[in-house]
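Following this line, the structures themselves.
Note that chain A is present in both complexes that follow, paired respectively with chain B and with chain C.
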Partner chain A sequence: MEVVEVGVKHDREGFVKGDDSLLGHGAEGVVKRVKFLGRDAVVKERFSKDYRHPILDRLLTSRRLAQEVKTMARCRKLGIACPALYYVDMDSAKVYMEYLHSAKTLKDCLSEPLSSLQPICAKVGALVGNLHAGDIVHGDLTTSNLMMRTDGSLAIIDFGLSYLSSAEEDKAVDLYVLERAISNVHCEVAEKVNALILESYRQAFGSAKQVLRRLQEVRSRGRKRLMVG
Partner chain B sequence: MLRRLLDGTSVELMMYSDVKNSSSIKSKLMSGELECAVLDKHLVMDVFQVMVAAQMAYQRYTTGKAACRTMHAEVLYSLSAMKSISNVFATFGLDGNQRELLIVVINPHKTSIEKIQSSIDGKEVSDIERSLRTGYDEARIREIYKISDTELQAGSILDAALSRMASKSFL
Partner chain C sequence: MGLIFALGIEGSANKIGVGIVSEEGEILANVRKTYVSPPGHGFLPKETAKHHQEEIVSLVRAALDESNLDPQDITCIAYTKGPGMGAPLRTGAVAARTMSLLWSKPLIGVNHCVGHIEMGRLVTKASNPVVLYVSGGNTQVISYSQGRYRIFGETIDIAVGNCIDRFARLVGLSNDPAPGYNVEQEAKNGSKLIDLPYVVKGMDVSFSGLLSFVETEVKSGEHRVEDLCFSLQETIFAMLTEITERAMAHCGQKDVLVVGGVGCNERLQNMMEKMVKQRGGRAFCTDERFCIDNGAMIAWTGLIQYLNGDRLEFQDSTCTQRYRTDEVLVRWRLQEDRERIPN
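Coming up: the complex of A and B.
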């Protein structure tokens, strides 16, 4: 599920406007900050789509939800910081998870002066490298989905499009999406930042070399593989 | 201590120390005479953890998806990261030797609470929150949930256990 930038309020469909607890709103669901059994939490709710056949709709919703939960659980087992899972309610397609208190998105971090970016980039590269070493492909690696916490540790969020894969292609596309996200918003520092990230990626992930070779290819052709011939 | 689930259903939590009759409590639980979940308090790290288990049990039970026969047995099952039911009771339930117990009652009634209280020969602990946070058996918990050192780099032991409970049916 793609979720729009944190804090942005959409008035599409009316119901979201003025809702302070809303953190994000994407094509498939909403993300809200709530109290869950007395604790601060984030709830991600997928809504049903009227244009889909009801049986197909339930199947798709539950499969995507299961996929998301599975990769998050795997991520934590690998020691990669992502929100802790609290409660999955299959009947209403909701996932309750940890709320990362006063965390800042990578997007906001990158507007700091270049001199202080080195440690941040090293953490990003290491995290993505660990992710790929564990065969997890995030699927939506943007600067809004990487969160810097107050203790200086980096966490990754929004596993809605994530999946397991050992293919170099998938990992290269993951890197490409991140690279583009950085270039689009922070063009002045992009080149330096991307280079630093890839450097620590290489250190964290043994098979980085093959993925980076593939990244060259992806850069020249774009995210989608051509389906001709 | 009274807490509420997502739909407002109440949950009563009680804790006892120096319990002298845990084997008689166990037989009353098995015969269905006492309607509550009784846990080894050393395996619970936070009130939140047991409330999440109660929420899971309540939801599964009321929608007909429960693995156990009673809602209270389902609380123990929810707390576990294992899918096998018999192991769950051996791990989290009473073996007749525990002296410190945490008791969970979903949808409590005055009569059922009084019955539970009168069946337990022990001292009631008032500060449940504090007792759980400070008195858990970390080594046992890590063993039960199979939590590695690597995983603790991603967050606390409580978060690791909670993630295990929540993702159990998806793995």
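Coming up: the complex of A and C.
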């Protein structure tokens, strides 16, 4: 981790440059575009949330930052496309990572005509399948966290809620979260899109069958839950 | 032609309420009785229904008196069709059917959750917020999209109010006026944060593991009740605030509306206000008159449905324990959508 120490000095001496243009204000923090040692980079900064008790806040912020970085490293090792990690500053809860040039979220891609969605869905299913084959559970698998690049490659971001697990239940919940994110915003194409994604998921991941069986259960639990006012 | 008035009956859980609302959104009456179960017990369907049956007639009378209206002035009768507990729901439905036949008025069936949302929108004037609906039976983060109130996040096991109520019983707090209220008061004297499981999965939350964990902590006798209440509130409300923020970021919305009984909790309201302030939005909360189940919310939502052509045939005036928020086609907002976006 010698890079980290060098990085701190660089930061102070102004090696991180950029107009600090805001890319997004997520739930966990803000994402800005910067230059890091001359490269196009993104910095994700987790703010302290003043609604939370300070002890709980510190705990969650450091736990999620560590988890995000660990999972990104694991993804790279498994050959799953995600931004390359440049530098981590634990003290200020900042993560510097690769900037994905001209990428747009799956959420935006899904408003395209249905005919062009098939290759996109195939990539989503394959990527999530590979993730789960590596026992990575994303924990927040929404359409805002899958990025499509202009060259047609897909990358996954935002691992703050991720964790390692081999449990079918955890993977099924991951799929359920994605399925609902799609159904909620893209109601007209949802059924088709979800089916296409699961099809390529099945092909990419050997134990997909058990997870998909579990998914049935998770779905019906959601829909049939007794809802007492 | 005079104004349109709707009378609404709510009885899906341990409150029975009758409200009368005009088409202008004026609340002419909103009366309510709560079945308070004995200490150490939750409310059971049979006893709760019996309580509602005993109270409903006098409540309807009180509502009519308060509004200075005669039964002939009422345009339609709305009641909670679901979700909720079977026996209490049926009490409300039977009362509504009786009035419908007695006074020859059309019936309207209302989804309880949609009722909360529409009442919140009426009272706070929030036009298109992310909605956090938190009560004894429900925990949902909702956002309107294309004709439906869509559920973006929810509990994957028990509801937040249920978690608080069961916790209150564990530490021996009274059910009067409400277990959650007593937990809130105790928490004000707590200061030590006990580390409790914090479970957020995407926009979903889970409370059952937390509840079992707290149970062992209570039995260990190592903590003061005040600190337990304080820690429980800090943890579960932070979870709720976080999933609300996640939904806001995902949907690109700036405002939040908090509805449902747990929504009266001032610590939760305070957390929401702090969270939206950091995002440059507004938090809309209501007080106990409208947060907690009430008849006016059913009357108001029923009235909107009536104006949009909803009518329920007598033989269809059933109720159902399971009735998801996103099953309702929100016709009236489709109209609003059209007005907002000119061709």
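What to note about this one:
Keep in mind that, in the parts below, the second predicted complex is superposed on the first by the 187 of 229 C-alpha atoms of A that agree within 3 Å, B and C clash if a C-alpha of one lies under 4 Å from a C-alpha of the other, contacts with A are read in each partner's own complex, and residues count from 1 in each chain.
Please note the rule applied: contacts are C-beta pairs under 8 Å (C-beta built on N, C-alpha and C of every residue); 3 or more make two chains touch, one makes a residue touch a chain.
Small disclaimer: the values here were computed from a predicted structure and weren't measured.
Once the two complexes are laid over each other on the shared chain, residue contacts for A:F47 go to chain C alone; chain B is not touched.
In the superposed model, A:K70 makes contact with chain B only, not with chain C. Once the two complexes are overlaid on the shared chain, A:T142 sits against chain C while remaining clear of chain B. With both structures placed on the common chain, the touch criterion links A:V185 to chain C but leaves chain B unconnected. In the superposed model, A:I80 lies in contact with chain B only, and not with chain C. By the document's definition of touching, of the two partners only chain C reaches A:V173; chain B does not. Between chain B and chain C, it is C that contacts the larger number of residues in chain A.
The residues of chain A shared by its contacts with chain B and with chain C come to none at all. Considering their complex, residues 3-6, 47-48, 51-52, 55-56, 59, 63, 148, 150-155, 159-160, 162-164, 166-167, 169-171 of chain B touch chain A. Those residues of chain C whose C-beta lies close enough to touch chain A in the complex are 10, 12-13, 80, 82-85, 112-113, 135-138, 143, 145-146, 148, 150-152, 154, 156, 159, 193, 195, 198, 200-204, 234-235, 238, 241-242, 245-246, 248-251, 270-272, 274-275, 278-279, 293, 321-324.
Of all the residues in chain A, the ones that touch chain C in their complex are 24-27, 47, 49-53, 55-56, 59-60, 139-142, 144, 161, 173, 177, 180-181, 183-185, 187, 221-229.
For chain A in complex with chain B, the residues that touch the partner chain are 36-39, 66, 69-70, 72-73, 75-82, 84-89, 91, 96, 98.
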